[in-house]
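Some structures are shown below for you to check.
Next come two complexes built around subunit A: one with subunit B, the other with subunit C.
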Partner chain A sequence: MALRDIKPTRSELINLKKRIALSERGYKILKMKRDGLILEFFKVLEQAKDTRGDLNERYESAQAMMAVANTVEGAIGVKAAAFSVQQEPDIKVASKNIMGVVVPEIESSKVRKGLNERGYGILGTTSVIDETALSFEELVEAIIRSAEIETTMKKLLDEIESTKRRVNALEFKVIPELTEARDFIKMRLDEMEREELFRLKKIKARNV
Partner chain B sequence: MEIAVIGNQEFILGFRLAGIRKTYPVESDETLVAHINRVLEDPAVGILVLQSGDLKKIPRRLQMTLEESVKPTVITIGAEEGGLSMRERIKRSVGVDLWK
Partner chain C sequence: MTEVKAGPVPYIYVCTRMRVRKSKLIPREEYLRMLNMGLSEITRFVEETQYKKEIDELATAFHGIDLIEIALSWNLAKEYQNIQKITPGTLKDLTRAYLRRWDIQNILTIIRGKLHGERPGKIKEVLVPAGELDKAFLDRMIEEPSPERIIESLKGKAEYPLLSRLFEGGVREELLPKAENELYKQFYADLIEMARSGIKGGRQFLDYLTLDIDITNIRNMFRFRADQSGDDIMNVAIPGGTISPQMMQRLLQIKDRNEFIDALVPLIKTRVLRELLETLREEKSIREIEIDLIKVQIAEMETMSKLHPFSIHPILAYLEMKKYEIFNLRALARGKESNLSPDRIRGYLVI
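On to the complex of A and B.
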């Protein structure tokens, strides 16, 4: 709002005062929301770091097991076993609410399978295949955990960013402009009052 | 919901062993992009697993889409780069580099 657009009237002043009070209240609430979100974010951050580390570790061990399996069984043997696995891991996504941010809660089932549930023949393959499958199943579990946490983090970060932007807009743009306008109107009104007083005095002096 | 895996033959083989059906082998950069687009359009996929090395091969625009994507959630595994995009985002949103 540019200063020249403002009408220096008393009703405008009252409106402005109301708007300032509202903006300040909103600003305080948004600031609290931002702080709360950042606190939540710190909690998730710790978990995210842990799961990331866990994920990388499991990936490395799974790769190592795969190399062993390839050596022992041959590439064809591993492939044959892999293509005969039937049961698919199942994931369910529910949602929960963190300070107004809807985040997913991923639940997994049937990731880990028993020896006889995998689908390939037990006699035809060595135990190396079983161990490789197990390590990859663990890897998938780690992936599911970290997917949940990383999605939560992404959503929290988005919310933090937009809240921060709103807080800053109020603090550095909206409230200063409104107070400036209020001061301008006050100044103009005072000026007009003084003019009026002076005019009255002049008229009185002439009449005497 | 399902998990999808895109990567080279060796990479996806292990995931097949864990029972994941939606595995897409990558032969060239073009097939990589085609597969990623296909998975992004698939409503049944909840988690997409990629190799972090492959992430560098795709166009910048698609990379951004993957980084921002929530459904499906994209998880890259492999070398340390995994947390890099997250690190950038934290820096941008919070203003401090907290990912160490």
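On to the complex of A and C.
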């Protein structure tokens, strides 16, 4: 706000004071929100670390099991068993609210299945296929868990970033400018008051 | 070759040929040596053995580890087809019936591949035409436009009645596991019926079937115990062994491993199998248990083939040992490709 655009009037000063009070209140609230979001973020970060670690572990284990399955059953056996996969997990995405941030809540149909539900016959396969299927089911579960937590973390980060920008804008731009404008108007009004007083004194001296 | 129609001569001839072929299988020491070889050395080793012909034939279409694996499967299929040709009389019927398990595997793979919209070429790669349905028949099946037509093409084959009944309203994926289990159960039921029909050599064949069914049922009980999902084993329990499906269901209710083995051991008639079960009291992975069971099965089949040298047993023993030679070579090659340690690969070998 350029100072030359400001009308140094009392009503403008009152308006400015109101805006400063509002900005300061907003600043305090946003700062609290930012701090709250950061606390929340650190909580989610811990969970994200755990789920990502879990995901990496399960990925390694699924890959290792796939190597074992290829070793024991051969690519032919693994491919034939892979033809049996009947359905992809049904994923439902709902939403929940963390301090005003809408984050996803992912619900999935049962990924882990019993021996009879996997789509291949028991009599034509060996336990390596069971173990490989189980390790990939666990991997899919870990991916779904991780997807929910990591998306939450990213959304929180975006919100923290935008809240931080708003707080900084209020702290370093809006409030200082409004304060400067308020001080300018005060100074102009004081000056005008002094001019008026001086003028009155002059008139009074002439009349005497 | 002059065909001898009667008497023990053809049996002696074919059983002797089986013993000769068995002696040519890769010995245990070679596997141990191969464990310390690299993948390229194993490839060269395989190329220099009886698998050379298949590798040369397939070298234009495949390469690397896939070439080895498919060449091994082709060799197995050719060997099995060849054995069906040289086996005479009732032994031929028994061998053909025994090899029908490969037909079940191939039929199901084709149906599943079709349902998943796989290319015919890709489905063909995973077939092992080692049973009654030869390569030409399987090729025709793959070219059928729908799973329903595939089933129709099986008219006249042993699998047709069951499949047509199960998929009366169209082929549905969720029915495939049931179809697979039912086909294998029917396969064993047919074999038992054949063995009990008074066919020559049927009694020896029945002995083998009982052993095979017992080992399959025990393996599946351990799989269900490891799975802990509480699924019903009745769907996969094969009748005809020494343990009835109802007994298997009851045994699975026993949670404690020692109590489970205590209850299981008295039901088993085969001594080596009872001895093996006693060793399973200590914690072992399900894969180790499976390998131990396979080893016991092969050892017992060897004993049977020595007890009945001119029966179906030497043929079955060779067929199984040949299957596990292919299995071992593939495991070695794939294990090396996946950088598994020699010790770990050794754990998966049937030697």
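Please note the rule applied: the second predicted complex is superposed on the first by the 207 of 208 C-alpha atoms of A that agree within 3 Å, B and C clash if a C-alpha of one lies under 4 Å from a C-alpha of the other, contacts with A are read in each partner's own complex, and residues count from 1 in each chain.
The criterion applied here is as follows: a contact is a pair of C-beta atoms (placed from the backbone, for glycine too) under 8 Å apart; a residue touches a chain by one contact, two chains touch by 3 or more.
The structure presented is a predicted model; accordingly, all values stated were derived computationally and were not measured.
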item	value
Partners on subunit A (subunit B, subunit C) - clash or fit	fit
Contacts of A:S127 with subunit B and subunit C, given as first, second, both or neither	second
In the superposition, subunit B vs subunit C on subunit A residues touched	B
Contacts of A:T71 with subunit B and subunit C, given as first, second, both or neither	second
Partner chain in contact with A:A62 - subunit B first, subunit C second, else both or neither	first
Which superposed partner A:I91 touches (first subunit B, second subunit C, both, neither)	first
Which of subunit B and subunit C A:Q47 touches, first, second, both or neither	neither
Subunit B versus subunit C as contact partner of A:T179, first or second or both or neither	neither
Subunit A-centred angle between subunit C and subunit B, computed on Cα centres after superposition, in steps of 10 °	30
Touched partner set for A:N116, first subunit B, second subunit C, both or neither	second
Touched partner set for A:K79, first subunit B, second subunit C, both or neither	both
Subunit B and subunit C, minimum CA distance [Å, superposed model]	9
Residues of subunit A that lie at the interface with subunit B and also at the interface with subunit C	79, 83, 86, 113, 118
Residues on subunit A engaged by subunit B in the complex (per definition of touch)	38, 41-42, 45, 48-49, 52, 55-56, 59, 62-63, 66, 78-79, 81-83, 85-89, 91-93, 104, 106, 110-111, 113, 118, 129, 132-133, 136-137, 139-140, 143-144, 146-147, 150-151, 153-155, 157-158, 160-161, 164
Complex interface listing, subunit A residues touching subunit C	67-68, 70-72, 74-76, 79-80, 83-84, 86, 113-124, 126-128, 130-131
Touch list for subunit B against partner subunit A, complex	1-3, 10, 13-21, 46-47, 49, 68, 70, 73, 75, 77-78, 80, 82-83, 86, 89-90, 92-94, 98-99
Interfacial residue positions of subunit C with respect to subunit A in the complex	65-66, 69-70, 73, 104-105, 108-109, 112-113, 115-116, 118, 125-126, 128, 173-174, 176-181, 183-185, 216, 219-220, 222-224, 226-227, 229-232, 235-236, 238, 286-287, 290, 327, 330-331, 334-335, 337-340, 345, 348
